[in-house]
Amino acid sequence: MIELAVFGAGRIGYVHALNVAAHPRVKLKYIVDPVAGAHRDELAGKTGAAIAEAETVFGDPDIAGVIIASSTNTHADLLLKAARTRKAVFCEKPISLDFPTVADVTAQVEASGIPCMLGFQRRYDTSFRALYERIASGASGPLEQLTMSSRDPSPPPRSYVETSGGMFRDSTIHDMDMARFLLNEAIATVYAVGACLISEEIGDAGDIDSLMVTLTTASGRMAQITACRRGPMGYDQRLEALCAKEVLAIENQPQSMLVVNTPEGRHAAPPENYFIERFRQAYRDEMNAFIALIENGEAPLADIRDGYEAQRLVEAAIVSMNTGQAVRFGTSWVPDGEN
Amino acid sequence: MIELAVFGAGRIGYVHALNVAAHPRVKLKYIVDPVAGAHRDELAGKTGAAIAEAETVFGDPDIAGVIIASSTNTHADLLLKAARTRKAVFCEKPISLDFPTVADVTAQVEASGIPCMLGFQRRYDTSFRALYERIASGASGPLEQLTMSSRDPSPPPRSYVETSGGMFRDSTIHDMDMARFLLNEAIATVYAVGACLISEEIGDAGDIDSLMVTLTTASGRMAQITACRRGPMGYDQRLEALCAKEVLAIENQPQSMLVVNTPEGRHAAPPENYFIERFRQAYRDEMNAFIALIENGEAPLADIRDGYEAQRLVEAAIVSMNTGQAVRFGTSWVPDGEN
Amino acid sequence: MIELAVFGAGRIGYVHALNVAAHPRVKLKYIVDPVAGAHRDELAGKTGAAIAEAETVFGDPDIAGVIIASSTNTHADLLLKAARTRKAVFCEKPISLDFPTVADVTAQVEASGIPCMLGFQRRYDTSFRALYERIASGASGPLEQLTMSSRDPSPPPRSYVETSGGMFRDSTIHDMDMARFLLNEAIATVYAVGACLISEEIGDAGDIDSLMVTLTTASGRMAQITACRRGPMGYDQRLEALCAKEVLAIENQPQSMLVVNTPEGRHAAPPENYFIERFRQAYRDEMNAFIALIENGEAPLADIRDGYEAQRLVEAAIVSMNTGQAVRFGTSWVPDGEN
Amino acid sequence: MIELAVFGAGRIGYVHALNVAAHPRVKLKYIVDPVAGAHRDELAGKTGAAIAEAETVFGDPDIAGVIIASSTNTHADLLLKAARTRKAVFCEKPISLDFPTVADVTAQVEASGIPCMLGFQRRYDTSFRALYERIASGASGPLEQLTMSSRDPSPPPRSYVETSGGMFRDSTIHDMDMARFLLNEAIATVYAVGACLISEEIGDAGDIDSLMVTLTTASGRMAQITACRRGPMGYDQRLEALCAKEVLAIENQPQSMLVVNTPEGRHAAPPENYFIERFRQAYRDEMNAFIALIENGEAPLADIRDGYEAQRLVEAAIVSMNTGQAVRFGTSWVPDGEN
């Protein structure tokens, strides 16, 4: 049995803990969460894991890997501890809200050689993978233009916004990762606009709630992102890839297959409500990939370098939004004039 | 120029008259309609046709063909007059509400050798034809099970019901024709149930408003019809053909391509409201086929024999509904124990 | 902890065993399957259950309920044993292939008063339930016409057909149950046609592979079933309910949300491949309902009387197919002239 | 009768000529096209119009209006002649490929006070209008983010590209107009990227074939355009409007309603092949609007100022693409530093 620990018993930690606990060759040994309470205890009860301190986890030689799903400000430290104690690590994005820290932790983790996987679960979704593989197979011809829509069912509370690092770092990082995954070429330029159109609260917290991004690659291919903190139809996560021979699209997955036809028209069910539901199977497959990484060294679809690169794009988008001009990105741009 | 006359300036006569008048090689010379009024005059004005009596039409040697779109009780007489004066004829279904008359007129028209086409416009619809041709091409494999849904936007008024010959003869005849067209094999059995579920008025007039039919062919293939005088979503005209390799379906055509996504789901526009709108292009193509029949003797998709056979099926369905038992149909069954 | 046993480690037993084993308040104690082998052992390993004999299960006073998912010919005996030892019981359909046995077992189980639930999982499916509840809420108006399509991805092997009781008893029983569930009124007439159109092997085994059924209720409402042992698009399980105000439809659930647009058109993914995948969540909810039945006496959506009534309809359909005539069904019809 | 003349017997002139000729209160008197040939003669034959010179048209006091559908380099001159002779004018976009000429002609036409309508037919399309009116009604809440996709079925020939003024002026002008129409607010910034990804020939002619645009308004609302000279699925013309309460979308209109279901999935028909087919009804309604403008002075949905403003946006997009930076647009920006 592979023994694992999960950091964080919140929404996403809960999902990961149940998924690994259900795996026939895994024992979830520890759950680490400083917040005592019903939620953490329920999870421990359901999974048979012990509630422990981080020191116990990193000091236990039987622990093969750790899953970091705790709050963002703990990621960097836990990644470094995993590197030092040579545990395989799965870490939710982002690595840190501070870009120099991201760069530093990425370098140290890579130098350590530990197996490390980043939590870009969309790469594991059945539909996104089918699209990726169809392009990779050559059936679609080269990808030329990519369009992504990302909308949450409702804006997050102000408290969340305040510690989130802002909409780009918190949410658009997923779209940036998907653009990199599919374009598979160095990004040449980044242009972004953002505004606070839907929630005064978000504006008061200094963040935006609506944005658009344009990326180009070295060879002239293009990607667009349109994102909003509030999707009137619920969680709205779509993508369209214009390739030379085909246009590939990922549509929202309806909550049920019931269709109601009335004099006003044909009414289909709204999309799965939020990421936990929409990516239920992707989260399972992601944990299976982490276990395969530990067992066989099988390369995951996203590693810590992918986390670094997606965040570099996010930082460029923020600079673009703030300056009103496109950022010449390339392979070496980093924020704060350090290139 | 081919000179034509149209009998009937009602809803469908209006459509046919405008369609032939717009044809570059056709002159619409006469409109015959006993009902004086704005509708008839407007049509004459738009098409440049003269309002005339039937005698004028059949006595004019320049008239190459007539379009019979007048009330059902005039069809038989006009068909026979066309046969006698050797005019090509397009006739709306049904030939007559009285089956012996249908048989007699069919025999006489066939004996006369005049070009004669029946108004089963669905056969000319882009979607139905594409389905027919796909099956005919062999791409789908043999057709095994056919399911048809036919619903009107709202029940007809009692006055219409009273002279319509009943729902089977008035409306289901189209579905019977489509079943024959697609199955392309002798029908072996006919079973039908009917009820008055939606309109007391229709029941008071001695008719039904809801029905289901099952047909089988000599080789065991099957068809189902489900029909109602009222479709809550509007005009609802669908078909599904299970073939050995594919399931072919014809869906309703939405009134617009606007889709509204709300928290309640995805709302697409209702279907084209009624047959005039839904089959707008089919009616044009049907008239073009009538002109091609006159010009080149090109066989139409539906002739008077098809009208006879569809009506024979309708009569069998009525017998089945009334007796509660299946009718052994075959090639020789006719109503009233005359076989 | 509620202690349960599962009879049968085949396809559906496997699903039920995993589902109950994953329930936080359930211990799956025994698996009973006479066929030794990797499949049974794997299931025991995954669930922590012991492999046992039927006597052990019925003799164990801690066992609160049993799940009968073994071969059909064992159902009647196990149901009676459960009744005698007062275990709650979940039983897959059908109760027996022999109608007098069905009648007898139903009577005995009902007389015993044990909690008993039949395996009509469609009633627990999210989409079917949403449709049922929408009708029940009155939002749709009265249900008038029901149309169901049922097609398997590919015909079963001859060996399966030979012991299945035939297509009606094996498969159409689900559609009969759904018709009863939704119409919620005594069935007045049953008419069925069947043929062997797709598989000579099935014909050689004396069965049909294609069928259509028409039902009417006492008040004149109607239902149609069209079914085939082979669906060219895979598992095809749809339903449409014409109500006075709305047409409700259940569509197939695609395997992924990837859509490929080419010059030939818009290509969406095929349906979930088979019932295990399509009804994955329904099977979970069905087991949760069984546990709620044991824990709180909460009435299940389908009990043994529903199994009896669906089978009575199936027997009438077989009589109709064999005689070529409609069966006057009502509340008292039973096969073999016993009414 | 309103007497009209059409300039240009090419693809779009042909459509306009037939549409006005079919209008009951219009006489199409002249067709002006310097290119003699079968096409022009066929159109004259079908419409009953005489082939004439421009001088005849502008010198005929009975001519109430002219439809300019000739080649782009004739538009400005014809517009000015119409202004001088006080004919109502419908003009296809663009006014001119030279922006100062656009500005000058717009000013002169406005000063003349003649009724003048620009050919932005999308504004007259059933679906686009339904969307526009839904937003205008307030039902959707404020429009926040707009996304448009525009793709032609196949790239134009080099000869067309060379005189087209480039992809932005030739094609994207329609999307710019739609953005203005729907956003209904001053555009604040314009950013565009373009590349030649699909056709070397187009690149050799100095044009691009793929582009993306981002617009923002004064209040922070946003629009994106993604466009390509080649759509693998054919003519692909979609739009999505995120509003506060709803997401409105316009989908492509399939060529038929036939759906083919195979083991590979659900295959629907491709979109109407090109703009002539897709906007068939919109072109009719546009001509009806021109006639209503002449008859009653009813304001058209697009006038010459809309042509000027859409072209101003196009010029800004070209500047942005060429400089790699966003253009601060506002109400006064004009190309070449003339502001």
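By letter and in written order, the chains are A, B, C and D; residue numbering begins at 1 in each of them.
Note that in this section a residue touches a chain if its C-beta (ideal position, glycine included) is under 8 Å from a C-beta of that chain, and two chains touch if they have at least 3 such contacts.
What you are looking at is a predicted structure, and each value in this text was computed from that prediction instead of being measured.
The chains in contact with chain A as well as with chain C are B, D. A comparison of the B-C and B-D interfaces places the larger number of contacting C-beta pairs at B-C.
Interface note: chain A and chain D, two copies of one sequence, contact each other through mostly matching residue numbers (shared numbers exceed half of all numbers used). Taking each chain's centre as the mean of its CA atoms, C is the chain most distant from chain D.
Separating the CA-averaged centres of chain C and chain D is a span of 58 Å.
The mean-CA centres of chain B and chain D are about 40 angstrom from one another, to the nearest whole unit. Counting partner chains per residue, chain D has residues 232-233, 236, 245-247, 261-262, 269 touching two or more of them.
Remark: chain D residues 141, 144-145, 147, 149, 151, 189, 191, 193, 195-198, 210-212, 214, 216, 220-222, 224, 226, 228, 231-233, 236, 240, 242-247, 324-326, 328 touch chain A in the complex. Interface of chain C with chain A (complex): residues 22, 24, 45-46, 126-127, 130-131, 134, 140, 245-253, 255-262, 269. Of all residues in chain A, those touching chain B in their complex are 232-234, 236, 254, 261-270.
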